[in-house]
Structures are given as C-alpha cells and as structure tokens.
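Next come two complexes, and both contain chain A; in the first it sits with chain B, in the second with chain C.
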Partner chain A sequence: MRDLAVLLEGRNLARLFEGLWVTLRLSLSSVLLSIVLGIIVGMFMTLKNPVTRAVSRAYLEFVRIMPQLVLLFLAYFGLTRVFGLNLSGETSAVLVFTVWGTAEMGDLVRGAVTSIPRYQYDSAYALGLTKIQAYIFVIIPQTLRRLVPPAINLTTRMIKTTSLVVLIGVVEVLKVGQQIIEANRYNAPGAALWIYIVIFFLYFLICFPISRFGQLLENKWRD
Partner chain B sequence: MEWGYIAKYTPMYATAALLTLRIAAVGILLSLVVGLFCAVVRHFKIPILNAIAVGYIELSRNTPLLVQLFLLYFGLPKIGIKLSGEACAVIGLTFLGGSYMAEAFRSGLVAVEKIQHESALSLGLTNGQTMRYVLMPQAAALAVPALTANVIFLIKETSVFSAVALADLMYVAKDLIGLHYNTDEALVLLVAFYIIILLPISLLASLLERRMRYAGFGGTA
Partner chain C sequence: MLLTVEKLNKAYDGLEVLRNIDLSVEKGEVIVVIGPSGCGKSTLLRCINGLETIRSGSISLNGELLNRPKTDWSSVRQKIGMVFQSYDLFGHLTVMENLLLAPMKVRHEDRKTARIRAEALLERVGLGDKSRAYPRQLSGGQKQRAAIVRALMMEPEIMLFDEVTAALDPEMVREVLDVILELARDGMTMIIVTHEMQFAKAVADRVVFIDGGEIVEQNTPELFFTNPDTERAKRFLNIFQFDTPK
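Moving on to the complex of A and B:
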C-alpha cells in the first residue's frame, strides 16, 4: 500500500492527469478532424465515377491493413526523410490518427448513405419536396441514426489507439507513469504494479461510459 | 534506396515476421476458446460465471492492449509473478481477443432464430447437445465476418509487442533506424512485410465470407 501512496506525494497524481489530458487531447482532436473530413470523403466514396472509386478504395484498404503503429512510424521517421518535414510526435500522432480515422469514418458514411433505400428519395420527391428538402428532412436524419453509434465506437477505438504515441516519444499518461516509477524506484519499489493498475482503470473509466452510451443509442435507434 | 541493404536485412525481418505470426496464431486460437466459452456462458446466463464474463468483456474492450501489456510485463513482477515477453504477449493478446471473439459469437447466437432452440429442445436434445449440434454451427457461420475481422484486428495489434522487448517487425525496424539511419529501407521493409502477412489473410477472409453466406439454414442468413 505504501507503493500506491507514491501517487499522493508531490504533484504525482496531478502529473498523471496531465498525461491523461495529453492522450485525450490528441484523440479528441483526431476524432473531430476525422468526422469532418470523413463526411466529405464518405460523400466522395459514394460517387459512381470509377476513378474516384479506385482512389478511395486504395486509400481505405491501405490504411485499414497497416497497423496504426506502422503508420505512426511512417509519419514520424519517414516524412522527415522523404520531405524534410520534421514533425513532433504529437503532430505525427494527430496526422496519422486523422488519416486513419477519416478512412474509417468515410467508410461509415458511405455505408450509411448507400443503406438508405431508393424509395426514400423517390417518396420524398413524390411528396413534392425539393432535392435539398429531401436531404434535410428525410435522408440526413436517417443517415445520422445509422452513423452516430459506430462513430462513437470509433471514438473509443481512437482513445485506446492513442496509447501507442508513447512509443514515438510523446509524454502522455503511460510515460508519466514510467517517470513516476523511475523517480521512486528506491523508496517505493513496488509502485509499478499500482501505477499501471491505476492507468488501466483510468482508460476504462473514460472508454466504458462512452461505449455504453454508443450501445444505448444503437439499441434505441435499431430499426 | 539501397537495394543491397534491403537484401541484407530481409532475412532479419522474415524471422521477426515468423515470431509475430507464431504469437498471433497462439493468441488467436486461445481467444477463440475464451470467446466461445464466454459466449456460451452468456447465452445460458449461467449465474456467477455470467457476471464474471460480462465484467471481463467490458474491462478488456475498454482498455488498450499496450496498457494491458505494461501491467503484465512491468507490474506483475512486483508481486512475484515474472513472465517472459512471449508469455505476456500471448496472455495479453488472449485477454484482448477473448472479449472481441465472445461478442462475435454472441452476435451469431442472437441471429439464430429462437425456434431453432425450441425445436431442438422439443426433440429431446439437452441444452449442451442443442448448443453443439444446432445453435453453434449456425451461429459460427453467421459470425464468420465478425470473426475474420477480429483475426485481422488482432494481427495488427501484435505490432505493440516490441514494448515488452519482443523482437517483432516494429522492433527490428526501430533497431535498424537507430543503428544505420537507413530509415527509408527499414520502413519500406516494414510496410512490405505487413502487407505480405495481412493482404493474403484479408483476401482469404473476404473469400470465406462469401462462401459462408450460403451456409445459413433456410431463409435466416
């Protein structure tokens, strides 16, 4: 128990939360960018043009098949070499998670838009709605219902994946945990266990309510 | 791009890829076992075990694999449980994968019509026989898309194993970047090897998915 008390000494607990905030800031900015860009890319993916189809397909497949850590390495180590761009760990992280999130979000948008049956459009026009009215009152509300639960799911995936940034040198919650463990290795040699348990539950406490909320909406809106 | 460098270090990547595949294979098989067990427990709502399964699934799905690995590899030795990097990797992957597989099997079980269960029971089959001969074959076929997606997801997740000192593909790439500064070659090999591993599996998965669409009973699938 003395090992757990390390967290209460000095600013240790505050620093751990600051580290957690770095993780959350990175994932939330990536999620927001992914949602905006994903909607645009998703619309682009629904086009019937074979060229745009091939391009978006190749982008989606490449990003999906590569582990996110590989993409992080490509951005962090590769871009510097190829373009002379010297990105910080945090910038590479937001870049990579946005590129990945946009692909996932784009595919969700494409799926949601194409899953709206043809007759929904036809009926809307038959009722005398203009094209814009049909979208605002008929198509978009239905698309959103199919889109929001998986988008929330993507958010928790993003938060969990953000833990990888510690491997490209970003000081986030895991790194702060390591620093606290290192600094106290003589007066609290067993701190590692407790600190990693605390970090484990911090992630759980953030992701669990979000995924619960997503499930709730999914059950409520099931058609 | 130095092709000589690429040729020289390809065998090193191949060894690392085999390590990744070996651990992934063991981890995925164990995940399937854990997932099947949890799905059956949850389907029959077996008291106590059901609560444990629900708790486990939520914990595992809402925490990152990297944090789970740190806890296993750096945390547990403090209470005298020392595990090798490989053991941590397999346990971590199983802990993570078990819950994803459980959800996949469960979605399959939910999709099998209730009348199948009732008919089997009325024919005099026990609960165990019903599960084994009637429900699970159909549920597994329905769950194939989710199961293959999980397999690909879990293989991708193995990329964090370098954090517990396993010489996997990421580890080799990082090592070579640090040693020789041949960043381009190291990264090209890294991407190439992940494509070699994942592309065939991904193609196989979509093939299997298409085949399994015919496996449903009657009009349910």
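Moving on to the complex of A and C:
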C-alpha cells in the first residue's frame, strides 16, 4: 500500500499529468505540421519527373533508415556543434518528428493519390464534370478515405515515439515518472511498478480513442 | 449525320494506333465495333469524347467540329454518354448519389426532379431497390447497369459502350446486354465495342471491323457474320468458330 500511496503524495499525480501535457504538446504539434507538410510533399512525390522522384525517394529512405534517436541527437547536439544553432530540446524534438512525420505522411498521401484508378477520372470527365469538379467531388473524397486510417496509425506511432525525447533532456511523462521513482527509491521501492502502470494508462488514454476513431472510419468507408 | 469522324489519326509516342478512320453515325443507328484486342477500338471511343487527343483528322457532332483548341468538352460530353469496361461507379457515393452528381453539378438541375428521373430509370433496369446501396454492395452486373443509368441521366444524344461486359462473370453478361438491347429498341444512337458476337449480331445496324488501327470492313451484321467481304474479317471470325470433329 505504501507503494501505491506514492502516487498521491505531494504533487506526484499532477506532475505526471504535466508530463503528459508535454508529450501531447510535442506530438500534436509534430503531427499537425506533418499532416500539412506531408500533403504538400506527397503531391510532390506523385510527380513523374525523374529528378523530383529521386529527391523524394532519397528523403524518405534517409528518414526511414535513420533511427529517430540518431536524428534527435543530430538535431540537438549536432546542429549546435556544427552551426552554433542552439535549439531547445523541445524544438529539436518537434523538428525531428516533423521531418520524420512529413516523410511518412508524404508517402501515405502519394500511395492514396496513386491508388485512385484511372477509370474514376475518366468516368467523371465523361459525365461532363470539369477537372476541378472531378477533383472536388470524386478524387479528393476518395483519397481522404484511403488516407485517414493509415494517417491515424502514423499519429499513434508518433505519440509513442516521443518518449525518446527523454534522452535529449526533455521532461515529459516518462521522465516525470522516473523522477518520482528515483525520489522514492528507499522509502517505497515497489512504487516503480505502479508508476509505470499509470503511465501505461496515460498513453492508452491518448492512443486508444485515436485508433478506435481510425477503425470506425475504416469500417464506415470500406470500399 | 449525328456523328462524323473523318481521316482520324492517333498515335502514342510515335506508335500509330488509329489510321485514317472514317466513320459516320446516323441518329438512331447502332454501330458495333469489333476487332482483335489492342486494335484501337477503345481508343476510337476515347477520342470521340475527348479523353484522348488526336493527331489529325476531324470529329463532328451535329455538324459541329469537336477537335478545336477551344472546345468546351464539359458541354460536349453531356451529349456523349460513355460506359467503361471496369466498374467506374464512384465508390464513396451511393447509387443515387452517383446518378445525381453530374445532373446537379454540371446541369444545375434541382435534386427533386433529378431524383424522379433517376428513380424511373433505376426501376427500368431492375435496380429500383438499390438506390441507397453503395457500389461495393452490388454485383458486377448491377454496377454496370447503374453505370449505364448514370450516363443516361445526362440525356445524351449518343452512347458509347467500351467492352462493358468484358470484366463480368458470364452469368451477369446477359442482364447488362438486355439493358443495351432495350435502349436500341428505344432508338438510342450507340457505338458499342464488344467481344460478344451473338449480341453484336442481335443489336447492330452496322458492324465495323477494325484491325491494326484501321477500319477493314463495314457491313450489315447479316453479311458480316455469314459472308464477310474481306479476308481479314474471315480470319478473325474463324477464331470464334469451333469446327465439329468428323
């Protein structure tokens, strides 16, 4: 019981929620930026030009091959060393997750756009729809339906991956948890389990509704 | 003449796909275009409603030249209905929404009157109970019948059918062809590309045989299927004959 009580001592629970807010702030800004930039980059990726193809391919592969942690170190320590750019931990984190998210999101957009069959365009035009009308009423709605489920999947992946920012000194929910555990190491050594269980539920609280929402849309829009 | 194609040439990257095509279609006439795969039949249909650009020649509808730089294809295509081989219904819309989209957005018809027309047409092709269904809930034959109705909603002067039964299971071919036959009886002008020879015989006023990108023979269905003028047509028709072993 002593272990469980640690949670309610002082501001421990409140601090965990503050940490959760940092996690949310980081991931939501990265996700939003990635969606906006990813749509633009995704359009760029659909171009048939060999040069733009090579550039977007290289970008995507680079970001995918590099572990996110390496990218974080690169942004946080590397940029300071080489360019004297002194970014805060949070800014570096948003930068890295946006660069990563934009690449992944761009690839999802590219996939969704190119998966619309030629006949959908043809039959829209054959009915007398103008190019703009065909996009507004036929192509874009279908692209969005194909895009939303994988985009939501990516969002939850990004939220979970933000826990890496601990390693560049950003204090988010996981770090707060570790601090509480450290502080109670002698008087309540068993608290660690409870703290991690709470953190598990906090992540669950954020990710579960998002992924449920994605499943719901997927079922509704299956075609 | 409702539709006149003269000296039409079409090439993809220097590869000629249609050569000197001359074809005129009178109002109410049913033309069936047949020929081996890849002979240019489908390309011809796509050129007629501007889905493909042509290299030279002319296409006129009601005496009005279509292949000009300033052609308003949106208004031309309202007069030319087209149904494709693959299922081309819009998957995110119900059957009814599929039918109403173009009348409301292109012709600015109000929903109520378009709906009444749509319901009548659906009833006619046996889809009266499917207006709220999504395309994924329909069989292949039902999808193609709905696609035909969607084209008819624009009240076209001529219909183009591009191998509309080629992707269907055999048992569904009939229900689609019956709809086309009925349109023919109502006097709809049509150009039909098909591989269904029995159907071609039944529906055609004139058969156009295309091989290697050019029109090799135009004939009445009676003569074409029993005694074609050209050697190439004879050879083509032989593919569909099975000699009874003696």
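Keep in mind that, in the parts below, the second predicted complex is superposed on the first by the 223 of 223 C-alpha atoms of A that agree within 3 Å, B and C clash if a C-alpha of one lies under 4 Å from a C-alpha of the other, contacts with A are read in each partner's own complex, and residues count from 1 in each chain.
To be clear about the criterion, a contact is a pair of C-beta atoms (placed from the backbone, for glycine too) under 8 Å apart; a residue touches a chain by one contact, two chains touch by 3 or more.
All values reported here derive from a predicted model rather than from experimental measurement.
After superposition on chain A, the partners chain B and chain C are accommodated together without colliding.
Once the two complexes are overlaid on the shared chain, A:F77 sits against chain B while remaining clear of chain C. Applying the stated contact rule after C-alpha superposition, one finds that A:V55 touches neither chain B nor chain C.
In the superposed pair of complexes, A:V36 makes contact with neither chain B nor chain C.
When chain A is checked against chain B and against chain C, the one touching more of its residues turns out to be B. After the chain A superposition, the centres of chain B and chain C are separated by 90° when viewed from the C-alpha centre of chain A, nearest 10. Legend: residue contacts after superposition of the two complexes on their common chain; A:L69 is shown touching chain B, with no touch to chain C.
When both complexes are overlaid on chain A, the residue A:Y119 reaches chain C alone and has no touch with chain B. Contacts of A:S163 after superposition on the shared chain: chain B is touched, whereas chain C is not. Of the two partner chains placed by the overlay, only chain C lies in contact with A:L127; chain B stays clear of it.
By the touch criterion defined above, A:W221 reaches chain C but does not reach chain B. Here's the short version: in the overlay, chain B gets within 15 Å of chain C at its closest Cα pair.
Per the touch definition, chain B reaches chain A in the complex via residues 58-59, 61-68, 70-71, 74-79, 152, 156-160, 162-163, 170, 173-174, 177, 183-184, 187, 190-191, 194-195, 198-199, 202. Contact residues of chain C toward chain A in the complex are 46, 49, 51, 73-75, 77-78, 80-82, 84, 86-92, 101-102, 105-107, 134-136, 147, 150-151, 154.
The part of chain A that touches chain B in the complex is made up of residues 3, 65-70, 73-74, 77-78, 80-82, 156, 160-161, 163-164, 166-167, 174, 177, 181, 189-197, 199-200, 203-204, 207-208, 211. Contacts from chain A toward chain C in the complex involve residues 117, 119-120, 122-130, 133, 137-138, 141-142, 145, 221-223.
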